[in-house]
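Take a look at the structures listed below.
Common to both upcoming complexes is subunit A, partnered first by subunit B, then by subunit C.
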Partner chain A sequence: MELDRRIFLGGMGTLLIPTAFLPASPAFAVELDGTLTIGMSTESSSMDPHWHIQTANSSVSQHIFDRIVHLDKNQIEVPGLAESWQSIDSNTWEFTLRDGATFHNGDPVTVEDLIFSYERASNVPGAIFNLRAYLGDKRFEKVGDRTLRVITEHANPIVPRELATTAIISKRIGETALPEDYNSGEACIGSGPYKFVDYVPGQVIELERNEEYWGELPDWSRVVIRPIPTGGSRVAALQSGDVNVIDTVPPSDVEHLENDSEIDLGRGTANRMIFLFFDHGRDVSPYATAKDGSEIPNPFKSRLVRDAFDLAIDKKAIAARILSGNGAPAEQLVPAGIFGHNPDIPLRNADTAKAKAMLEEAGYPDGFKVTLHGPNDRFIRDSSVMQAAAQMLARIGIDIEVDAMPANIFYKRASSGGEGGVPEFSFFLVGYGAATGEVSAALRNLIHTYDASTGFGSNNRGRYSNPEIDLLIEEGMATLDDVRREEIYKTCCAMTVEDVAVVPLYYPISVWGMQSDIAFEGRSDERTLAMDFNAAG
Partner chain B sequence: MPVDLVDPFANEAEETARPMRDLIRSYFRSPIGTFGLVLMVLIVLAAVFAPFLSFQNPYDLLQLDILDGQLKPGETSAAYGYPYMLGTDDQGRDMFSAILYGLRISLGVGILSATTAALIGATLGLVAAYHGGRLESIIMRLVDFQLSFPTILVALMILAVMGKGIGNVILALVLVEWATFARTARGVGLVESRKDYIEASHVLGVPSWRILLRHLLPNCIPPLIVIATVQVARAISLEATLSFLGVGVPITEPSLGLLISNGYQYMFSGMYWMSVFPGLALLVTIVAINLVGDRLRDVLNPRKDT
Partner chain C sequence: MFASILQRVGQAVFVMFCMTIVVFIGMNLIGNPIDLLISPNATPVERQRLIAEFGLDQAIWVQYWRFLVGLAHLDLGVSYIFNEPALRVILQRFPATMELALMATFLSVLIGVPLGLYAGLRPYSPVSRLIMTSSILGFSLPTFWVGMMFILLFSVQLGWLPSSGRGETVTVFGMQWSFLTLDGLSHLLLPALNLALFKASLILRLTRAGVAEVLPQDYVRLAHAKGLSARRVVYVHVLKNVMIPVVTVVGLEFGSVIAFSVVTETIFAWPGMGKLIIDSINNLDRPIIVAYLMIIVLLFVTINLVVDILYTVLDPRVQFSKTGKR
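Up next, the complex of A and B:
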């Protein structure tokens, strides 16, 4: 017992000493052609560019590997390994490769390398997420030394965007290489602006500039990427000069970093939207009950109820108070700048009294009881956002419980935790990112009626279904004419909002922090690329 | 079997009344022990009377307003007009009220789980000590099995399977704590059951349950009290850890651990009050209980001259 107490008191004492251990290295100013050190919130899970497609991995792989087409900071297609491309007919695209692009080992980039990359990306052994979703409907043909032809099963207007997801590797090396060979660096040979130097999982990725790069040479001759998952430590590392750039500045630090003359912030509205989803599918929803806990018909089948919920939640207050600048209030599926965004949809002001009246009109004068489920470690301040929403719904008479859980548990239950493998929750917080830079991804995966055989509605965990919108989405996806397609998507967005399929909450804003002698304009795909940062002056 | 023999130790309880007074007197001979006890009583009173001491029910969503969120200690509520003595968290929850309500959860969970675990553990331990043989092996192997797992891991697994909620937290704590009591009870029980008075009871033909309850148990109680006190403190910190990790109590009804976890995100932006005050409350509570436990150990230990 004696020892127990000593250990206990000792432990308490240790806690009181330094809560934050700040590395004591001097602050080095960055210089042109010098080293850029980046502190990243999420670690890349592999150096194999086809193994796991998530933001952190794509950020790293884009330094080393080119794409056939790149997406710029606003998600616009710009030439990559292809200098030009065009659609020949509704099912065929042709890409012309640039001359002079070479891999880091000196081999020229050929059409065979591209075709090989697309085949491998769909079939990497053990891959967490393979790229079949973007590549499955395409056949690739070599029609000349520098020309690649892509034939799709159905008319597909976004072939260049879909191909931009896939890193191009060397066929000669890639044929025998396994993901481990990329991690060791042996096979990690691309045609991008940086070459692989070193990779120690959990600690560091080191890159050096590819002086033979076909495009504009970046400002930094060396790039060091360090994973620093804890927000506070990341900020501390930046302020102490340990790193030059960090991604994902925590909301609570935005204000005091703004006042720091040695630190600049860069922002980009992410192509993602965080929203509350209803159970539209079931006639009785397990977590929506009368206030005494007895079963009631699913209230979310009523558009009025959904509208009341949307009107009750003050999105502006959530964006301002909880996210403190790391989110913009949302009114539809995607933020402005994404193809298909409808500028005519207004952001409504919250109105508790009116929402209460609507609830009464819908037949719930005394409200009902519902549990709001969501992840607690996936989005910025997710559980705080849920509590704030709960506060606002309580004011219109809803008896609301909040259940926040770790994301890996949440998503499993949200997708298939219910009876018979259906989505479990009645009312839940999720997010969706339009990875291709078009609203079509959100429409197709989120809003379209769920259909396991076609893959439509794969993220439609609320089982929303509206045949009219379905038809329009399918029409849009087969329309090659950009103007016409945009019109169709805008109509889809307006109909989705009109029907209150979801309650849009906010568009996350990615905030980067950097030393004030570095210039950066922000990106909308959340990627952190050394090529985007410039030495000022 | 003799029918009903006079139990020669039946009047033991009366004889312990005097030593009890001596014990209390010797407890207060230590200033630190006294300080711990006073502190603990104050904390318990604050927790019990939380609804009367706080301005706000921090668990009632209707009384919260996010426009009052992130206020510094001492700032006044725009909506209600009273000052937030210890500031507010990001939801506009008065930290002072939240800490008092959080203490209720922490103490409630700690005391309930420790006493339940003590009942189960002591019973099993004494039965093992008294009965011996195969039953003892089974119980003690179960204890070894339980103690060989890290507590926090077991608790995490239980909560992951059963889901959140205060009831489940208590259940998880009981399941990880009973083994400590069982082991201690068996140790003491073994020593006591070899003593002459137990042998004598046997010879007199006193029924087993009566020997267990009236003779063995009372003599094993002092060490169990000490363990129980320390286990209450341990349960409180374990509950705080579980809530800090987000598997304990629901987020709309934060306990101290969850308050610390919520406030932790704001630490680096200078909003220290969201996690420091609940942290201090937790620390003071655990220290007070440990001081009391420590003093009890000294007082109740017959070998140590106090």
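Up next, the complex of A and C:
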């Protein structure tokens, strides 16, 4: 992002010269039932919908493939291929398929196709970011022509959400298809609102509307998706009318696009949180030392120290100044609107004096020394965010060094770089987001005590452990009653914040840019879908 | 000539071999793609299963041996990211890079040689001074900045050319080429010009220096004295002798455009190999990185060979066989 900003700032400076005497390029109006061209920041790595489930791939696959249940722009479940569903008992769910849904080749969508899709999605060789995490605990049974029964190992209230991750493919085609058949389009046959036309890796994806779609028909008869990785180029492509819509508008361009009457911006707070994690696990943490470098007991074991850190960091300033509005200050694990968000948790104002007093009370009147590690190419302006946080902590007397490194080095060290294969860092910046749109995934994977055998705490790189919260999380995960479950999760969130397990920094805000004659409401799952954009007027 | 080619091929194989070892050791030190790409909800058991599935839990020399065995079957492995054979992923992007490199080189020679010749023949004319001064801009302005300027001027402001991407393609020899269509050419022009700017300046300066060096030499004066037309002296006697360093540089630059035109490819969203290699390094996609570097080594060796052959055509005194060299 750093490079992008410089490119563009440099660019805009000189743009002033030609603007003075050149006519602006004509606007390209979009029309209903015409073509929508989308410029995306990340290229899709495969057309196989069960390959890596990254945002770019999921965005593309959702045009072509339906799910049993869909998640709307706020990640609320809405009917997909199933018109209704209910839990029969604590371990069993039943889904009733809609009539009239067909694949692009005319075959009707059947229960067998669903079962086949779930099986394949768990077993694509070489798929690293796969769907096992969502499908592993389930068995599927056909109980009628239109009825699918899902049996889970333990009570699982979020079966519909978990199944919403998995694209439904045709059994007849999928059984014999090779991985390359998806990229060639031969096997890329779903039941979604768009059909595959063409795919050239890194260059273009072309889709045409499925006129036989069971749901509401989208506004565009043809969709062209082009990867444009450089932020400045993406903005230029939008301004020149080469594309109608772009995702991930760079922070540095937000302001001048807001002043452009031909461009509108759309926003959505992502269900993802960027936060600072402490080493809770070890008695001596390698990167936390006395100021002279001598060994001290792990200071992050003290709640007061953690609280002082949280209080010292001005999240509002980071969101407003460093992220230029591309992030909303965070106070808990998930933003408002996500199931389990606790509205009673306040966003505290930073208070340096109070934080310093807390640090003194905790027995560190002179502070201590710690290194803040993090990636420098993963999140929006990640290294600047770390620098800012470090300066704020320096004000309460912490001697802090920032070590930002490429993500490909960072993640290995953060997960298993320490002695004996444990997480290496003492204090580090990471992010977490789950496709299921509930706080439970964050609680289960980040906050619950790490346990290799059950899979709890799989992303708990700080090795945070609080038996009380663990019990509540497990209770919530087995509670089918939505009202009761939400109460439990809200309590879990409150306890997590009270105990300062992590320092939440911000929720990224996805910013889309589009021509002003296109209407769009934003999404919370960072996906860019042609179906969400409408021709205005 | 044949022996010399054989020797080159031997060198290439040796370099490729060393390179694969370096890449294997290097990648092993950095990390693994599993930690980078795995679902944030995956269990530790699942992580172990994946690491085992990729054979990343094996000792590095076992992994390397497996790679060599695959290589013997002409199998460079399957990309971790694209789920396709590494070689195919690279070759898919090869035409895009190739046509960009050819176009850029063509433009740079087209601009650089005539201007350099003019500046060399009339060193004191104001036009020559202007050419020389502008050439400084050509190699001092950073590529990414010039690229953005091109886009802002020609696409956003004037609306003459598309801002990024690759245009319509036609299939020739089973590969997708865009330079054969008008739409494709219009997409190709800006990135090619952007890449050509630096090279044109370089060629221009080389040509001018060469001309200045050759002009006062005896054979040129003799040619004039023989009564040959000025045109023939310039185009045959002068230009041909000036071309040797130019050909070397064009060859090397051509190779580097193919291998490392990352910045331009990224800014113009050009789906070439340069962008692919950077993405692959970021994602630790080892099969792609290894295959790519092997291809590049082969490419450079080939280009150098072609350049050497061209030398002998341009200057019969140049010999590269063993007896001539030592």
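Observations on the structure shown:
Keep this in mind: the second predicted complex is superposed on the first by the 510 of 537 C-alpha atoms of A that agree within 3 Å, B and C clash if a C-alpha of one lies under 4 Å from a C-alpha of the other, contacts with A are read in each partner's own complex, and residues count from 1 in each chain.
Going forward, contacts are C-beta pairs under 8 Å (C-beta built on N, C-alpha and C of every residue); 3 or more make two chains touch, one makes a residue touch a chain.
Just so we're clear, the structure is a prediction, and the values are computed from it rather than from any experiment.
Superimposing the complexes on subunit A yields a three-chain arrangement in which subunit B and subunit C fit side by side. Contact with both subunit B and subunit C is seen for A:D377 once the two complexes are overlaid on the shared chain. Applying the stated contact rule after C-alpha superposition, one finds that A:A290 touches neither subunit B nor subunit C.
Counting residues of subunit A touched by each partner, subunit B versus subunit C, the larger count belongs to C.
Look at A:A236: by the touch rule set out above, it reaches both subunit B and subunit C. In the superposition on chain A, A:R132 makes contact with subunit C only, not with subunit B.
Look at A:A388: by the touch rule set out above, it reaches subunit B but stays clear of subunit C. When both complexes are overlaid on chain A, the residue A:P227 reaches subunit C alone and has no touch with subunit B.
For the three-chain arrangement built by superposition, the Cα-centre angle with subunit A at its corner and subunit B and subunit C at its ends equals 40°, in steps of 10.
In the superposition on chain A, A:S252 contacts subunit B only, with no contact to subunit C. Residue contacts after overlaying the shared chain place A:V402 against subunit B, while subunit C stays out of touching range. Of the two partner chains placed around the shared chain by superposition, subunit C is the only one that A:A434 touches, whereas subunit B remains out of contact. Between subunit B and subunit C, the shortest distance over C-alpha atoms in the superposed arrangement works out to 6 Å. Shared contact residues on subunit A (touching subunit B in one structure, subunit C in the other): 8, 19, 232, 236, 377, 406, 409. Residues 61-62, 64-67, 69-70, 90-91, 160, 164, 226, 230, 246-247, 250-252, 262, 265-271, 283, 286-287, 290, 293-294, 297 of subunit B touch subunit A in their complex. On subunit A, the positions that touch subunit C within their shared complex are 3, 7-8, 10-11, 14-15, 18-19, 22, 24-26, 43, 45-46, 48, 51-54, 124-134, 136, 179-180, 183, 200-204, 226-230, 232-233, 236-237, 239-242, 377, 406-409, 411-413, 415-416, 432-434, 441, 444-445, 452-455, 458-459.
Across the complex, subunit A meets subunit B through its residues 1, 4-5, 8, 12, 19-20, 231-232, 235-236, 250, 252-253, 255-256, 317-318, 321-322, 376-377, 381, 383-384, 386-388, 390-391, 394-395, 400-406, 409. By the touch criterion given at the top, residues 30-47, 50, 53-54, 78, 80-84, 89, 92-93, 96, 144-145, 148-149, 151-153, 155-159, 162-166, 169, 176, 266-269, 271, 275-276, 279, 281-284 of subunit C touch subunit A in their complex.
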